[in-house]
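These are the structures in question, set out in turn.
Next, two complexes with subunit A in common: one pairs it with subunit B, the other with subunit C.
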Partner chain A sequence: MAHSVRQTKRSLRINPIAHGLVWVYAALLIIPLYFLVISAFKPNSAIFTMPFAPPTTWNFDNFVQAWGQVQLGDGLISSALVTVIAEALTVALAIPASYAIARSRGRVGAVVEKFFAAGLLIPGLAALVPTVLLSIAMGLFHTREFLYLFYPASVLPLSVIMLTQFMRTVPPELEESAMMDGASRLRIVVSVYVPIITPGIATVAILNFLSFWNEYLFALILAGPDPDIRTVQVALPSLVSQTNTQYGVLLAGALITMIPVSIVYIILNRRLEDALLQGAVKS
Partner chain B sequence: MKWRQAIALTIAVAATAALTGCTVKGSGGAEEDNTLTVLTNVTPTDETGKVQAQVVADFEKATGKKVKLIPSGESIPDVYETSVAGGKEADVVMVNLAEKSNDWVKNGIAKPASDYLDAWGLTDKILPSALDAWKDQDGKVQGFPYSGFVWPTWYNMDLLSQAGVKEPPTTTDDLLAAAAKLNAAGIPPFIIGGNDWSGQKLFLQIAQSYMKADEAEKVFSKGGFCGNANAMKGIELFTELRDGGVFVKDTQGYTADQMNASFYEGKAAMMSAGSWAFGNAPEALQANVKLAGFPVPSNGAYSKPTAYNGFTGLGFWISPNGAKEGKIDLVKQWITAFYTPEIAAAYAQASNGPVAVTSTEGGNTEIANKLTAQAVESVPGLVDFALMPDTVVPGNQADAMIRQTSAAYAPGVDANAICQSLDALYS
Partner chain C sequence: MTATLNTIDAPARPRLSGSRSRRVNPALLGLSLPAIIWYIGFTLGPLLAMFYISTLKWPGLIAPSSFVGLDNFQRVFADPVFWTAVRNSIIQIGIVLPIMIPVAFMLGYYVSLKPRGHRVLRVILFTPALISLAAKSVVFLSIFAPNGLVNGFLDNIGLGGLAKPWLASTSTALGTVMVVDLWSGIGYTAILFSARLAAIPVEVMEAAELDGAGHWRRMWGIAYPICRDYFGVLAMLQFIWVLFSSAGSILLLTNGGPGNSSTNLSFLVYDKAFTQSELGYSQAVGVVLFFVGIIGMVIIRRVFRARY
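This part shows the complex of A and B:
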């Protein structure tokens, strides 16, 4: 007993090396963010000559210019549409697929699971040219609709594999008792599985949200540069010019694009933590 | 479970928006025929953007049609080339003639301007030298030249004086001596964006120090740096200047934007930058800067220091969509509007650079910027103009060449290694 208490006290004592490393890690995360925020309020000359000095004035000219110059408002709306619809489609497809795989006992289920896992092996860039050709063939080149379809396809392998693992933690007895009560498969998925694996769904949702919101290359090529269609990540680099890039304006724009991601992360963060802790402690 | 309801509501709103009011504006049909789409690298919020906005307003009033501007930055060539593949390209592209755009007419993704110049009455309105600059190897004028530039060397006379240098150096020996004095005084001498296109242009400017324009054109377009004695002398001169401390420390890592910012702040005594940088130069600095050429060797191909000039800074390209029957009249009206004397004068003033238009009579030609005034009044007499590489270096090799010239700025890379890396691009 005494030995156990000593061990607990020792484990709770602050380890100066670990403590120091945590601060270094925190600094590694905070310094770029600090640079981003202060630079968004500075002109080029101040950014290059005194990169880490705080701005002399805190006016919002750079933000106003970024907003107007490349129509960031339209870009944000486009990004929101693409992200939310693609997210909804992904979750709507991944949940039943992962349920079927998790509950499958035969070879077919194993093959399908491996098929999804194989999807993870395809590098994104390798799919670029065939995807462009597909969008042209479908008559959806330079439209948002193609992104609604393409993004879910690109993340389904990881989403299905992850959700399958969460589904497998649900005791089969729950499903059996629901069946005995006359519940259909759909009812079982919606009323039994989804509530239990909510942290898993939140995890997948956050990862997908970040992936959809921040994606640049495919959005540029497939949806094009039209301000009515382009996502915010395509609009933002339009602030880069070959001869005269105003980095303060560019970073102000970058800061604006980060706001929705931060809000979603704050909302879903708790669910993500729950998912990470699931199974970490014995009940 | 409020958060679930919130998510469901968000999805419902997004789906409704996607299917109703915010649906994609389609291509084709009557609406498209009434709209001219222009992919442009003119920044909407700067002075040139205001001139462009004036043209849009005049155009829409005169024609009753709409202009859809698609402002894009550095990515214009990539964006345009991909959109052509899907048949969704803009009707007109406003971008410079350099690197990738050099191959557009050759590859059939832009219509040659020479097919329209006479019919639209523009041949006489455009400077012959500008039309020559936009010709490809088959003699076709690729696009409609519009905005140009002067690309001198900038000398901060205050900093040079502090180091005991009274006048801008005119020979490379003078430059080496000036750099030694500046370094001794703790003043960074010559800054250049060694990591990007600005470093590439300066490298090629020095590399052609012993070559006349036709010889340089042959080497830059076909390769053969190692096999050309004059090209090798130029590259050796470059390494001599580099190793003689002419360039600031770690030049190979700088970009053009960093170069401008450092020079504007008085952190370097010399730089090579074009007229596009005049507008952002602080007013206090403008009075203190002398524009001249880059020093030349005493036994080189040029008798005076060299600078670049050209009319490849901005032009109009007609896309396959723009050349279609329903669009070409609108394209004509859009492009010709820029060549009226009033608009040309306004654009020249806004861009602080020359325009390729023969007459700006009647427009406001007053020059407020001191550097622009120098570039117009004194620079032409002080310099010889070297061969501008943009239209000569093949478009598909331009990016790779920038990587090689960037490496050339690193200390210890000898002339043989540099010429071999450049020649490898052409093989």
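This part shows the complex of A and C:
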């Protein structure tokens, strides 16, 4: 009680100019989003003449046109496939690795941990060109398959480092009894560790979901522009040239691509914010 | 937390594996092998290959290549387009960072006080971080288009004379890209600062308040020195993003143009390789970028080293 009283007293002492500036900035952040939502329902002429006016009718023509013109449906399916398969592969690679790091006491474990920690500093985009050459060498250039394999590598450092910290919170006594029963290491990871660190796995999975779903440049170059293969992020910008700047259609398309992330944000609000915070702090 | 756990489970170790406790456990480390191999194969390997490719003359993805030593670097340093890209990257970093980091810090400080409406404010600040590069770019293409939001607004308030194709004018293209960078990054950075500021003991701030320090003094005189190193971390994140990863946003917003007026180093690496089919040149720029990145990170670390 005393705490909350103090809080309010403190807040009241903020200079009104500061309040004003903060909310002006908040408005600057919101205007593009407001413009995005209302324009998706407006014809092109109204977007320019009355940019801030809400649509007079809730007309879904722009959505229909965007959907058909660049096959957004196929793009959504591609993106979903890439995201789900890459997620599964990331978890399958990162969980055993983080367990090994968390439970090995020797010098090698520390070296492996440093190895992945150093990986956090390497921006993925630095090696774009050689990655393309790798995909050609593997015979997987312009396929989704290469994205399935490549995306997990791009998020492994962060996933391993974060999961290692969750693994360390599990008391080792738990696995000792399982070990005496003769269970293998992998069995122990799956049946003892995974259930306990499920919240940690969820945090990592949310972060990876955002980066896989939203990724653009690698998807453009590695998977290519074929409408049956490309992800929705690659399909969307192709509307720019195809519609000859019909902004309503363009923005309706953008809204469609944002649906999955919005749903996750609405359902997991706090969780997703925490995941983003933890992810950034680690790197 | 890690330290305490280690001390707790250290005595349990001998019971588990007896005298072998200090030796490497192959079964255990074998579990990390797939991840290590994966990471080397798809990320580290390609990164090393970049250094090799920078010494090749390689005119296109499917063309044969030949070794030319440091020729590519000579060509890069003699190329005015490279120096335009250097200039643009410096401008981008030199303007975006000094605006983004302090503004985000002040916003973060404000949010950490939990004033009325702070929950709504958090959501607003977070949202740009959730929107993909492609969607963001499409929105800003529409906003800055010749008949988009900004020009429509100027027209409506009688300032139609100021209207221009913002992303397609030599004088405004790079500036507009930077506006989009700021829009995308400040909110999220602010939330990160607010989380860091929330970890400062309440007593510290209260003591300052009792001494009569206003918010401005508390923010820069106390909160800033305490999370100075965090300034460095966030500045570094943003620095790396602009230097290496901004190619996508340039590609979507301006395609480096008009002319080369918004071409920066990250975009040059992309453009040389995939539009102009000069792989060796592209990777030579990549190598330069790599070292500039390391030097920049060392400098940022030095500048923001904790001093208390």
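What to note about this one:
As a convention for this text, the second predicted complex is superposed on the first by the 224 of 283 C-alpha atoms of A that agree within 3 Å, B and C clash if a C-alpha of one lies under 4 Å from a C-alpha of the other, contacts with A are read in each partner's own complex, and residues count from 1 in each chain.
Everything below uses one rule, namely that a contact is a pair of C-beta atoms (placed from the backbone, for glycine too) under 8 Å apart; a residue touches a chain by one contact, two chains touch by 3 or more.
These numbers come from a predicted model, not from an experiment.
Within the superposed three-chain model, A:169 lies in touch with subunit C and out of touch with subunit B [touch as defined at top]. In the superposition on chain A, A:49 makes contact with both subunit B and subunit C. Using the contact criterion defined above for the overlaid structures, shared-chain residue A:158 touches neither subunit B nor subunit C, since it reaches no partner. Residue contacts after overlaying the shared chain place A:237 against subunit B and subunit C alike. Contact with subunit B, but none with subunit C, is seen for A:226 once the two complexes are overlaid on the shared chain. In the superposition on chain A, contact of A:192 is made with neither subunit B nor subunit C. Legend: residue contacts after superposition of the two complexes on their common chain; A:119 is shown touching subunit C, with no touch to subunit B. Once chain A of one complex is fitted onto chain A of the other, the partner contacts of A:245 extend to both subunit B and subunit C. Judged by the touch definition given at the top, the superposed model places A:143 against subunit B, while subunit C stays out of reach. In the superposed model, C is the one of subunit B and subunit C that contacts more residues of subunit A. Once the two complexes are overlaid on chain A, the subunit A residues touched by subunit B in the first and by subunit C in the second are 47-49, 132, 136, 221, 237, 239-240, 245, 247.
Those residues of subunit A lying in contact with subunit B across their complex are 44-45, 47-49, 65, 68-70, 77, 80-81, 84-85, 87-88, 132, 135-136, 141-145, 148, 220-221, 224-229, 237-245, 247, 267.
By the touch criterion stated above, subunit C contacts subunit A in their complex at residues 1-2, 5, 8-10, 12-13, 15-16, 21-25, 27-32, 34-36, 38-39, 41-47, 49-50, 53, 61-62, 103, 107, 110, 113-117, 121-122, 124-135, 137-143, 145, 147-149, 151-153, 155-156, 183, 186-188, 191-192, 195, 209, 214-215, 237, 240-241, 243-245, 247-248, 251-252, 266, 269-270, 273-274, 279, 282-283, 286, 289-290, 293, 297. Chain contact summary for the complex, subunit B toward subunit A: residues 3, 6, 10-11, 14-15, 17-18, 22, 24-27, 39, 41, 43-45, 68, 70-75, 78-79, 82-83, 85-88, 96, 197, 256-258, 260-262, 264-265, 267, 274, 276-277, 280, 282. Across the interface of their complex, subunit C is touched by residues 7, 10-11, 13-15, 18-19, 22-23, 25-26, 28-33, 35-36, 39, 47-52, 93-94, 96-97, 99-101, 103-106, 108-109, 112, 115-116, 119, 121-134, 136, 149-150, 152-154, 156-157, 160, 165, 168-169, 171-173, 176, 179, 185-186, 189, 210, 213-217, 221, 233-234, 236-237, 239-240, 245, 247, 250-251, 253-254, 257-258, 261-262, 265, 272-273, 276-277, 280-281, 283 of subunit A.
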